[in-house]
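Two complexes come next, and they have one chain in common, chain A, joined by chain B in the first and chain C in the second.
On to the complex of A and B.
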């Protein structure tokens, strides 16, 4: 799964099994007028070289906040209040502005949700790739432009569009252009924050295909943020399910799909149709995500959970526990099942 | 380019419409200046004098269409008739210099105010909550909200009368000959223009600054700005090419409008500082019932608004690829 491609030459030490990205007990707060909102609460996960980790959850569960925290592009009122983010052996949270400027894009880049908003409307697509390259490498404009043409070609945009402005491109092409910018310095990891949400299903499929091919070709890792769980199941190696700022469950995609441990994951699965799977009745999840100013006591999902254990789930906060070698979930029902077996 | 061509066609049609209206509206009104003057003399004027007055005013006999053609021909030859209040100076000779003074003074200060205000707005937004944003911006906004004539009179009183730093009227020392090659004359022009110039700038700056700051703050929250920062671009490039380039676009319309009003709109400043520009000329024309002069001033103002709008269109095309 994590075969190291030749282009991952930047990471000789990653062969030692050390994860490429390691997030530990990350906490992010939004300081709002109504009070402090813990949008991300003690979230930990690893991503290894050439791995795709998908993070899924409803709107407001903190998944995009994690993406922005890892790249340190959070803006006030959002603040990282605790935890550690390590990229190989560098501490991302400890970097100075200059170190960050040099680090980002060369090692870790990000693809934004809406390609229309991620591209500067008054600069040509080519210019937006070229300035990224020139910000990091002492190359001439012509060399940077040659590289830009190459990158556009890689993402399937004809090189004669290099001088096109964003408004002259279709939605799918804009997203490809944003991906080309993310690839500009051949980073070891790309964070993709709902890269296909604004696209129609057909284009969405194509882009996902292309991302997968690019990943195999260049050997980068992906942290893929989406609310579309069905997309993740076929695309990612592992999936993390977020609920109300916490990681509810994390494990290999197949296992999450075949044997979900958390009732929230089960409900989330049931709210998406599968194309190839058996016909099932789609069920939504009753209720709505909790207000994080005053999160529910105990398990945050208990008010919406139909299998909650009376007494315990309201009171006791469940911790992530291992259910199989690489599969973890935070639910009291796991204890119950263990006790029964 | 096609866009500009379309706009140009529109402005030419609009200019022609304005020229035509300028001809027909006075002629559709009841009474004419000659009759008005005639009535003022309460019959003490010989009817033959009325004929010669009409001739003086440039009234042409014959059918309306023929008059119209004569009017157009005269117009293209720069012939706006003779001024009544400064008879027999041709109107064009009165308008020419005053237009030049106005465009130089008001045009320059309007552009300068826009540039300074916009740059300060960029920095106010970039360092939101910093010195420019917290101290300078409120002051500029408050000053901008004062009545224009009041500021002008305060400036005139303090710098012109109390401290006598600057001459209090006219565009240059009237004892001098107009000679643009003469450094003494040039310095006199600059000295005479400083008070009105500063008045316009300090009153206009706040508006541009506030507008640009608010546009900037909107643009700064856009993903493309965040992405530009993440890409590792220098702050300067992010601020200017990614944020300001986009934030300035909404300001351009307002700037074009204020440029259009340069020719006609600075009446108050020109009056307070007795500056011999278009506003001053217009006032004189009204006071002296100088119809040919008035008509010409209005026409010039209209054409200036159209020209300024066209200039704004060109700026838009240069700055916003979506307008091309």
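On to the complex of A and C.
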């Protein structure tokens, strides 16, 4: 890794050792008729081997754009305008199309929210897994089919479903089939973009549990993207909270839940009712996420923040700073608390 | 206001079967089977279920968008299904209003907010002159906290956020001064941070206007937050009903227990408990006469597969349909 800017030097490292994926100062822009939208602005994070990093935030916060940037499937009008994405020692942004084709699925695969759109409706699920395998490995059709059956078994689909078409499967089964394809080449990392959002909670729980077992068995890492913060707290090792294209806070899941540092995280946690917590009045957050054609000055959360510091938060942009060994947040209140402002 | 102990809107043995695959195929989807619901003034009743459980079919029957296959809908004790005339329908809809899930498609993109709110005022004879309509539009916008009202009234739907659009939809429903509001997943398409604002607004309407709400949702935690009573639906059957708090604290029906154990809840601890559940929601065309949950139920008995248990009253506030408790 070369040329790390000063601000990146103090960005969150995951754990000791070299990260599997390292994103530095990533910038993604949508060039729309209304103007340029910085959907992702100077975002940095690492993911280490066998780790689950969750990214949470509301719609339009840039979390899915990050997933698309890391896999290089962004299409115009979206452009990566800055930063670096390293997978071990390979620069993903510098890869040619051929290199990318080989890299995707073998090293890094992706699971999308809508399994119905990810699967080809006119091919059986077996055929689609076989395709994925044969596109990357010099194996016979029979060998590929045997592997496909094995993969379906791994994700909990009975082998008699191998010749079923997507429309013959339930939503949960389709999402399992997509996960089977993502696993086909034993990737080191799987990016999951709202993989269970379209599913009912019971099915979601089954699938999350299966993903966790598969992760422990095969040792891959996961970048898990969702708006459902409670799911992330249960499922991921660390969580990044995105707001308006920026990383507001990142740290170990339990710490984020027990001791959130950014006012946005605190308000977000108080925005959804739980089934076991006290039955208190929940306020949500006033206002709406900003329009990124004209983002707010200073801290982008300040117009909705009830603890904003007058004169500072609307002027000065907060940088991520460390609050505990693996916990970082971008909020001026942190130095106010430290008393060194 | 009149009596709070008499249900204002009641469904009795409401049943809806859809014929599918052409009328010769003989296939029938039993979307809703013998649903009984009572809505009271100033109370929120939640109907919770997974997709395909039939909760949206029930709300559509209550809104009179679908005709039931059998059963009765009583408004203030009078069966409303007997009269399908235009006058009767108009009258019913001025008392029972519906709020839809998707505020992006329930508002007409070519019309301003003002138009959406004026139309029901004119149609239902609440305003005769432009001046009165203006005044009422203003009042409606204030009631849903879209202020300053002169700024919001001339806006088009695309100029509003999802939460603001849903507030316009609520204001439009309020325009006819309804006594019952049927809300079909009113916040599930909104961003997490603005959902509570919309639910809190509806809670204010319940308290201040004495409106009876039916809140249809897949989110049992939000039902606990917003609803006084919660009904749980599975595969076309309402299987349990209880006060919202006692339901989540002590679920009785095995399906309710399964549903609650699947809800992510960090306050309950991390993903430690082993979640074991077999099977999926049954195909509604292949359901027999037994309990629809029998195939997945850890406590299944032989009689569960034969006949659907009848409701067993467990206390003044709760009941369930399960042989574990009687039936």
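Heads up, the rule we're going with is that the second predicted complex is superposed on the first by the 315 of 341 C-alpha atoms of A that agree within 3 Å, B and C clash if a C-alpha of one lies under 4 Å from a C-alpha of the other, contacts with A are read in each partner's own complex, and residues count from 1 in each chain.
Following the convention adopted for this analysis, contacts are C-beta pairs under 8 Å (C-beta built on N, C-alpha and C of every residue); 3 or more make two chains touch, one makes a residue touch a chain.
Everything quoted here is computed from the prediction, not taken from an experiment.
Peer 1: Would you mind checking whether chain B and chain C clash or fit side by side on chain A after the superposition?
Peer 2: fit
Peer 1: Once the structures are superposed on A, label A:206 by its partner contacts, choosing first (chain B), second (chain C), both or neither.
Peer 2: second
Peer 1: For A:272, using the defined touch cut-off, is the partner it touches chain B, chain C, both, or neither? Pick first, second, both or neither.
Peer 2: second
Peer 1: Check whether chain B or chain C contacts more residues of chain A in the superposed model.
Peer 2: Touching more of chain A: C.
Peer 1: Touch test for A:257: chain B only (first), chain C only (second), both, or neither?
Peer 2: It touches chain C, and chain B stays clear.
Peer 1: Tell me which partner A:119 touches in the superposition: chain B (first), chain C (second), both or neither.
Peer 2: The answer is first: A:119 touches chain B but not chain C.
Peer 1: After superposition on the shared chain, which partner residues are touched by A:131: those of chain B (first), chain C (second), both, or neither?
Peer 2: So A:131 only meets chain B here.
Peer 1: With the two structures laid over each other on chain A, which partner does A:35 touch: chain B (first), chain C (second), both, or neither?
Peer 2: Neither partner.
Peer 1: Of the partners chain B and chain C, which touch A:172 in the superposed model: first, second, both, neither?
Peer 2: Only chain C; A:172 stays clear of chain B.
Peer 1: Pick out the closest CA atoms of chain B and chain C after fitting on chain A and give their distance in Å.
Peer 2: Least C-alpha distance: 10 Å.
Peer 1: What does chain C use to touch chain A in their complex?
Peer 2: Interface residues on the chain C side: 50-51, 161-164, 191-197, 200, 218-222, 224-226, 245, 248, 258-268, 270-271, 274-275, 277, 280-281.
Peer 1: Write out the stretch or stretches of chain A touching chain B in their complex.
Peer 2: 71, 73, 75, 101-102, 104-106, 109-110, 112-114, 117-124, 131-132, 135-136, 165, 167, 181, 184
Peer 1: Flag every residue of chain B that touches chain A in the complex, lowest number first.
Peer 2: 221-224, 226-234, 237, 241-242, 245-246, 319-322
Peer 1: Looking at the complex, which residues from chain A come into contact with chain C?
Peer 2: On the chain A side, the touching residues are 58-59, 170-173, 200-206, 208-209, 212, 227-231, 233-235, 254, 257, 267-268, 271-277, 279, 281-286, 288-289.
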